[in-house]
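What follows are several structures.
Look for chain A in each of the two complexes below; its partner is chain B in the first and chain C in the second.
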Partner chain A sequence: MNGAFRQSMTWLHTWTGLVFCWILYFMFVTGTLGYVDAEIDRWMKPEQIAPQQAAPAEAITVAARYLQREAPGADRWFITPPGGRDAPHLRVFWQLPTPENAETPPDPESLRGQELLDLDTGEPLPEVRETGGGQVLYRMHYLLHYLDRDIAYRFIGVVTMLMFVGLITGIVVHKKIFKEFFTFRPGKGQRSWLDMHNLLSVTSLPFQLMITYSGLIFMVTVWMPGIALGTFGFDVQRTQTVLSEAVGQVPTERANEAAPLVELAPLLADAQMRWDGAPATGVEVRLPGDANAEVAVNRSEGIARIGGGGFVYNGVTGDYERAAPGVPNAPIAIAATLIGLHEGLFAGPVLRWLYLFSGLIGTAMVATGAVYWTAKRKRTGVQRQSRGYRFVDALNVGTIMGLPIAIAAYFWANRLLPTGMEHRADWEVHAMFLVWGLCLLHPVVRSTKHAWSEQAWFAAAAFALIPVLNGLTTQVHLGYSLRAGDWVLASFDLVALATGIAFAMAALLMSRRAAGREASQPVELEDELSSSLNTDTGAAVA
Partner chain B sequence: MASTVTRNERGRISGWHITSRVVAALIPGFVLTNTSGVFLALAMPGDVLHSVATATLLSFVIYCVIVMWVFSVERLKTVWLGMTGAIVATSGGAWLLYTLQSSP
Partner chain C sequence: MTGFFLTILGVCALSLGMKRHFLQVFPALRFSRARQYTARFAGALLLIAAAFACVSDAGVGLGLTIYVAYLNLAAFGLALVLAWRASSLREF
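Right after this comes the complex of A and B.
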């Protein structure tokens, strides 16, 4: 590999990495929290009844009764029986048909509905505290919350592609990838940041490649539909038909003739027999109440959660019709596996912690890269005055420190906003972004040198006090959760406390470093001078 | 940070050189990703769905390589000529393959 090529790739790595690094950092932080979305949900809904357990057949009957009443003429019902971490309660989802003679097309959101049901009463769980929970927080990593969905997908695709180019060029520019794995020179300013960036990136490289490439695959229909379209001669109709047949989406036509829906429980029992006793994980009812109704009983297990296969029954007679096709070919199986790895739904507790750590390492990789950019330019006084330097420096503080503070604010808002408040869930998010905005302003008003440690102290307090806040505002504080052995709730408080302590340690280090730098600056200069003199004299002697 | 790709013929850092390469990577680079993807899908033997899925999955790798190429070639002229040539060649090849395959 020649020097010019490596140089140009270093340049590309620097700029693809830097240009959207704050968005990347945001995606890494909120995406990583997605690996504990259900646990965050639990903490943010302290009044919610404990997770429920029931045989799928029993839960399905409760769900069907509710849906018959609330969404009788729907296009589809999806029923997820309770079980496991991701589904603590029975969940139903329905999609109503688009009215044919509507003057203006209705908002697609108004045609969908979703509820969590109480198995004992058959009614939706009472929502005491309206909250976005862990779900809204983790969806931010691809929806960016305030943006229109289509725009967000396109933008996220661009950012992810830059991340991918950044990863590949990052690998290419390494002369000695193996040696740098073992290299860490602490306390050496710019060099230390680079070593840290290398160490974090190299140790977690497989995860970073997986998470980035699978992230791109999520965006494949948004960004790369052209390849399928071109291959089928730009025939949109044909492309759609071929692709939907491939994933087994055979459209069911409405007969427009009423017929009562078959009892669902026996179908589940039949499917369970076909799976040698393994229970169903989901049921889809197409056109309930119509003569052409169909019931698909599905089971997903393992890493890939799509195309897992299932059985389709006649929705009126209950006769077995066909096995739903699984994944049609190897590349689609690879895509499904990558998507499954990205979501990590299959992960048990140990693997889930590993996911969490890998995500944090990715977060730190982005952060150290961004700080290295400024550390490298800090030494030359001229660049330090430049607008670009100050812009990056301020954004670094306001995002690397500010975003965690903002997320703490999201949790604080969940406990402090009045429970009956209108648009309460929206205001939790507004609180988060308002606080982030303030954190971005802070280094502009104050100098960045002070802002780093001040925000770190603030983050320390904001997280460490979460268990206290929880104790003052709810009944599910550590005193309860530790005694009751409720580890999900206890872990949230304990992890918040640990995060607070970690930020306090960082703050201490930064304050000390800043104080030390001010004191030792003349000495350093002298050292450099004398060492350069030494080499000069050495050369003269030689 | 000194890299030849950001400099003009006299060795000065040039905003124009950077902009030109960014545009080349974004627009023709993306077009070339698609045309080469279609070409690849049509050139692969076997089931068409298999080929389309494979080419689509690979498209992000293809795009990444194109971007790296755009930023590693020394002369701007080579970037634009190479890009135009590659788009013409892959789309022409794809058209030829499509016509051959759809004629009975």
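Right after this comes the complex of A and C.
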């Protein structure tokens, strides 16, 4: 390949990588934790009653009774029967109609509601500590938490595209993809960092391409607003309607005539029969209590989570009306498959661990790339003194080590903040970002050389002590979870402990290397001195 | 699980089709053209077999997803083993 072309690609890879590596690292870490969001949720709500099981028909009756009472005139109800890791409890969601001729449009949040119900009592689950849980943590990877949603979306859209550029240019730049497929040469400084960066990237390339490209599919309306704009102009309402029709949602008109809602359980039984015995995974009731009410019984399965489609029934008579195809057309099927692969909701325990592993590999890929930039420039003393070098080095410590510490702080805050505190969930996040801020400052006031190992030690302690903290503050500690065989809770503590040990090993390595460097420094100085003396004498002789 | 074992064997065979890794594991042997092609051919066959094992186990979509994840894990793990523990592979 043309040398100049490769050189320009190297430049592009280096600079898009360097400028955006810290935000990409943040996205990879929080996104990876998203693969275990439900498990983190569970750990962060230690008072929550244990997951419940029930036949969908039974659960749906409980849900309908509650919704009849709390949200009778709603536009839609969504009912998710309990089952699987995503739904440990019966979940209901409702959307109230936008009041007509209201002077100011009401806050959309105030028109929505959701609740987890206790199957035994039919009432909402008892209050637990207010927490953002795994959901807030995982949403950070595309909402960045403190930013306005629209701005965050656009920004993340651009960053995702740059990640894609980074992957493609990386493939072009890497000269020996096959020749050095399994190559890692440890203990060789700059060489080792590049080897590891290559090894991580090449072995996980299918995952990285999939996760980045599907990330772009999420952002398709950010990147390609022109198609909708060209067709519908600035008519946002019309665009929305056409888009939701494209994904198979048919709007239902209100008759404004009251009619009692049909019993839901028999519809579920009918749908189950049509699916050869497979149970429904969700029920949507449109316009409950209206004469035009409809009930859609849905089943999501497969990677795309829409494969099962659904059946639509008349909401008053209970008559079967039509089958809603799971996949309305090919583009939607492709998009849904890519999005399904990205979210990994279909993954069972083994594949979920593998997703976690792939996410960590991606995280390490970004981190090793960032460190390689400094490792490459470390050897020349001039660059080492430059402001740019010190800036990158400090940001590397504060992000690569600091972000995990901050996430540990998020978990610590969950256990330590008083349960009755106002805005408690917000403060969990504030604690996380405050700690991260401190970690970013630390290498600035202290030398980065010390900061690496100090933060690694701190991260080791912060994670390894999580099981202890959990034991001191709750009843769901390892002593309980291991004995009860509650593997979700036990895994959280055990993984935290393992993470702590991993950081301790990294810290040990860094301290040892830093000590080694200090010991070898006088020698280097002497060498330099003698060589300069030699040249001096050489010059004198000449 | 069969899929995973076949994937591991497949990447091991492929690595033995490369001079550097072949000599890491068998320092006393000569890396010949015949050995190179045998190892590569066996590796390719094993990896194809692994893909079929995964697909027959979990269906096309899910099976291939799992297969790609296995490949990632096996290749990365093998590279670390070759870097630090190539000597222990010699005992085989």
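General remarks:
Just so we're on the same page, the second predicted complex is superposed on the first by the 500 of 542 C-alpha atoms of A that agree within 3 Å, B and C clash if a C-alpha of one lies under 4 Å from a C-alpha of the other, contacts with A are read in each partner's own complex, and residues count from 1 in each chain.
In this text, a contact is a pair of C-beta atoms (placed from the backbone, for glycine too) under 8 Å apart; a residue touches a chain by one contact, two chains touch by 3 or more.
Predicted, not measured: the structure shown is a model, and the values here were computed from it.
Room for both chain B and chain C is found when the two structures are superposed via chain A, with no clash between them.
In the superposition on chain A, A:Ala269 makes contact with neither chain B nor chain C. Once chain A of one complex is fitted onto chain A of the other, the partner contacts of A:Leu434 are absent, as it touches neither chain B nor chain C.
When both complexes are overlaid on chain A, the residue A:Asn329 reaches chain B alone and has no touch with chain C.
When both complexes are overlaid on chain A, the residue A:Met224 reaches chain B alone and has no touch with chain C. Of the two partner chains, neither chain B nor chain C is touched by A:Ala259.
Within the superposed three-chain arrangement, the count of touched residues of chain A is higher for B, of the candidates chain B and chain C. In the superposition on chain A, A:Phe357 contacts chain C only, with no contact to chain B. Shared-chain residue A:Leu341: touches chain C; no touch with chain B. With chain A used as the common frame, the shortest Cα distance separating chain B from chain C works out to 19 Å.
Across the complex, chain C meets chain A through its residues 11, 14-15, 18, 20-21, 61-62, 65-66, 68-73, 75-76, 78-80, 82-84. Those residues of chain A that touch chain C in the complex are listed here as 179, 181-186, 199-200, 203-204, 206-207, 302-303, 337, 341, 346, 350-351, 354-355, 357-358, 361. Partner chain B is touched in their complex by these residues of chain A: 4-5, 7-12, 14, 161, 164-165, 168-169, 172, 213, 216-217, 220, 224, 226-228, 230-233, 242, 246, 328-332, 334-335. Interface residues of chain B facing chain A in the complex, by the touch rule stated above, are 1-6, 33-35, 37-38, 41-42, 47-57, 59-60, 63-64, 67-68, 71-72, 74, 94, 98, 102.
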